[in-house]
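Structures are listed in the sections that come next.
After this come two complexes, each holding chain A, first together with chain B and then together with chain C.
Here is the complex of A and B:
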């Protein structure tokens, strides 16, 4: 199975690890993510006003690219790895579905592009893992069970809100938990799992981000998490850097590593994972301490 | 007691309703949005109060930092018992400011340019610019 895949800007820079790991995990699980040959920024945040259409154009261009590639691969799906891309593309797509007149106008406006027909389906990498592959099949392919590793899955906002685009329960999501259980990890229930990390406020109001992260991490810590996993590159960045600042200020007494879910999947699914484990000494240590490996 | 709303106040209320597509009087001031907001501690006034200001047509609302601090995480919108999309109202207030050429971020300032040099993911930079610059 081949899926058209839209990386987005951050997965090529600070989120590189996520992309590398996810592409490999896809191969290990028997599907392929084929990057769109050309793509532009998705817009990052969905414009919430009712009278500005220009902000939706960049996302629309990506949808048209997906439509072109979908014809070749005979699919109407587009996979994203980044939560914010998922959110924006899906909301723009939904807006066109609910307002065909807006789609008509946009198609008239973008006269150098082919018309967008409005039938692309945006799915997140997690959805492919959960719906198309399934935790049971993942379990069969596990080479290194992450026995005794306590993992705190952190979803953040953009995958679950607003409700119209959520692919899992808004208040008690279970998709990541089920996948992690399939890997043999011990999943921690953190009530802050769907809370916001502060998002782009990291630029204009760092204190707000520190507050948010402190609340999330304190509970994670008290529940004894070894590692926090997230699918979002901005959450990963915010949680990591804010923990550094909080630690320096003495507001938390321990830093918890924050990695992408795909990284953990790669460690668990690869046969000779020594190479990868090198970069994740905390996992190796934890697994060995408790007689896991 | 009789409240009078100034002409400009009425205009603001109308503009906010138009841009957001929300009925501002749908809100009955329960405060759920403020209780659930993750960044409420950094706000001048709580989100439900901002809505009250708009309901009353009070122009002081534009001097508060609340809608700039809003991270558009949709928690309030998801949990509002009256189905008011508060995130859209915050966006409308941001737009009222931006369309009057009152940007929140100066992208040419030294402070902002220094941020670009740090290893901040570009998605954060683009998001901040889209929310704070016209």
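Here is the complex of A and C:
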């Protein structure tokens, strides 16, 4: 199975690790993510102003490109890896479905592209794993069970808010937990799992991000997690960089590693995973039942 | 001259005033035929320098079109104007102090983050470049792609005129090509050899020999030169 795939800017810069791992995981599970031949930024945030159409052009262009590639691959799905891109693309798509007049207008404006017909379905990589492959099948393909590893799946907000675009329960999501259980990991329940990491505030109001992250990691640690797992590049970035500041300020007494779900999947689905484990010696220790300190 | 051999005239409107000019003239020639003189906004007259970017409109068409005035011929009912210069923002930078980190272009031209992908730049480009795509490539730090896509840019500035995000695309592309040349693209071996030769003084010797010759001697070696 081949899926049209939209990376987004972050996956090509600060989130490269996520893309590399996810593309390999896809192959290991028997599907392929085919990058759109040309794509633009998603728009970064979904503009809630009801009469400003210009801010939706970026996402619309991507939907058209997905429509073109979808014809070749015989699918109407477009897969994203970044939660923010997922959120923006899906909200713009939904806006057109609910407002055909806006779709008509935008098609008139974009006179160098084919019309967008409104039929694309935006899905996140997690949905492919959970719905199209399924935890049972993933379990069968596990080469290295993640036994002894206590993982805290952290969703952040972009995948589950607003309700109209959420693909899992907004209060107690289970998709990531089910996949991690299939890999043999012990899944921690953290009530902060759907709280915001502070998102773009990292640029304008770093203190706000520090507060958010402190709450998230403090509970994660008190529950005994070895690692926080996230599908979102912005959450990964914020959780990692904010912990450094919090640690320096003495607001947390230890740091907890934050890695992409795709990375953990790759470690678990490959036999010779030495190369992938070299940055994560603590995981190696757990897998080999060495307790650390 | 027989009536039938006469070049037919077409009506054009230059800054709103009607003129009859021979068909087949370029926009630039038509303006000159009508009595205008270019002191700026004209250069090579061969489509390479990008100095003569202009906009025009055709009768009964709502769209403002764009062209290089030296490369496009007049049509009946054309509305013409002259754009002398684009006063666009151009950063001064020291190539020795730059790098190719993913935000290298963003640092010099942060306004590229304002791109909303409206594609106005691509639509206006007389070189038919994918301007929006190279701005987007710049945004995500893909210097090689930005350099390749903008390679045929003649720096006419029309993209910057049209951009609702006030990006100076053509200067961003130029920086991308410079960074690509310095850090990404493979070095040309023959250039390095040539530079080494220059530095070794071979050319200096030849030049001083030429300088010492009289006119007849120079004529003689000119006649004997090898022609590729």
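In this section, the second predicted complex is superposed on the first by the 288 of 293 C-alpha atoms of A that agree within 3 Å, B and C clash if a C-alpha of one lies under 4 Å from a C-alpha of the other, contacts with A are read in each partner's own complex, and residues count from 1 in each chain.
By our rule, a residue touches a chain if its C-beta (ideal position, glycine included) is under 8 Å from a C-beta of that chain, and two chains touch if they have at least 3 such contacts.
Bear in mind the structure is a predicted one, so any value in this text is a computation, not a measurement.
When both complexes are superposed on chain A, chain B and chain C sit side by side without a clash. When the two complexes are overlaid on their common chain A, residue A:161 makes contact with chain B while staying clear of chain C. Between chain B and chain C, B contacts the larger number of chain A residues. The superposition places the C-alpha centres of chain B and chain C at an angle of 80 degrees about the C-alpha centre of chain A, rounded in steps of 10. Legend: residue contacts after superposition of the two complexes on their common chain; A:61 is shown touching chain C, with no touch to chain B.
In the superposed pair of complexes, A:199 makes contact with chain B only, with no contact to chain C.
By the touch criterion defined above, A:43 lies against chain B and chain C together after alignment on the C-alpha atoms of chain A.
After overlaying the two complexes on the shared chain, residue contacts for A:51 are found with chain B alone; chain C is out of touch. In the overlay built on the shared chain, the residue A:13 is in contact with chain B and with chain C. Contact with chain B, but none with chain C, is seen for A:234 once the two complexes are overlaid on the shared chain.
Legend: residue contacts after superposition of the two complexes on their common chain; A:23 is shown touching neither chain B nor chain C. Of the two partner chains, chain B is the only one touched by A:208; chain C is not. This overlay, made by fitting chain A, leaves chain B and chain C with a least C-alpha separation of 6 Å. Residues 9, 13-14, 41, 43, 55 of chain A lie in contact with chain B in one complex and with chain C in the other.
By the touch rule above, chain A contacts chain B in their complex via residues 8-10, 13-15, 41, 43-45, 47-52, 55, 82, 84, 157, 161-163, 170, 195-196, 198-205, 207-208, 211-212, 215, 233-234, 237.
Interface of chain B with chain A (complex): residues 18-21, 38-39, 41-42, 68-69, 71-75, 77-78, 85, 87-88, 91-92, 95, 104-105, 112, 115, 119-128, 130-132.
Chain A makes touch with chain C in their complex at residues 9, 12-14, 38-41, 43, 54-55, 57-58, 61, 110, 112-113.
Of all residues in chain C, those touching chain A in their complex are 102-103, 115-119, 122-123, 130, 132-133, 136, 139-142, 164.
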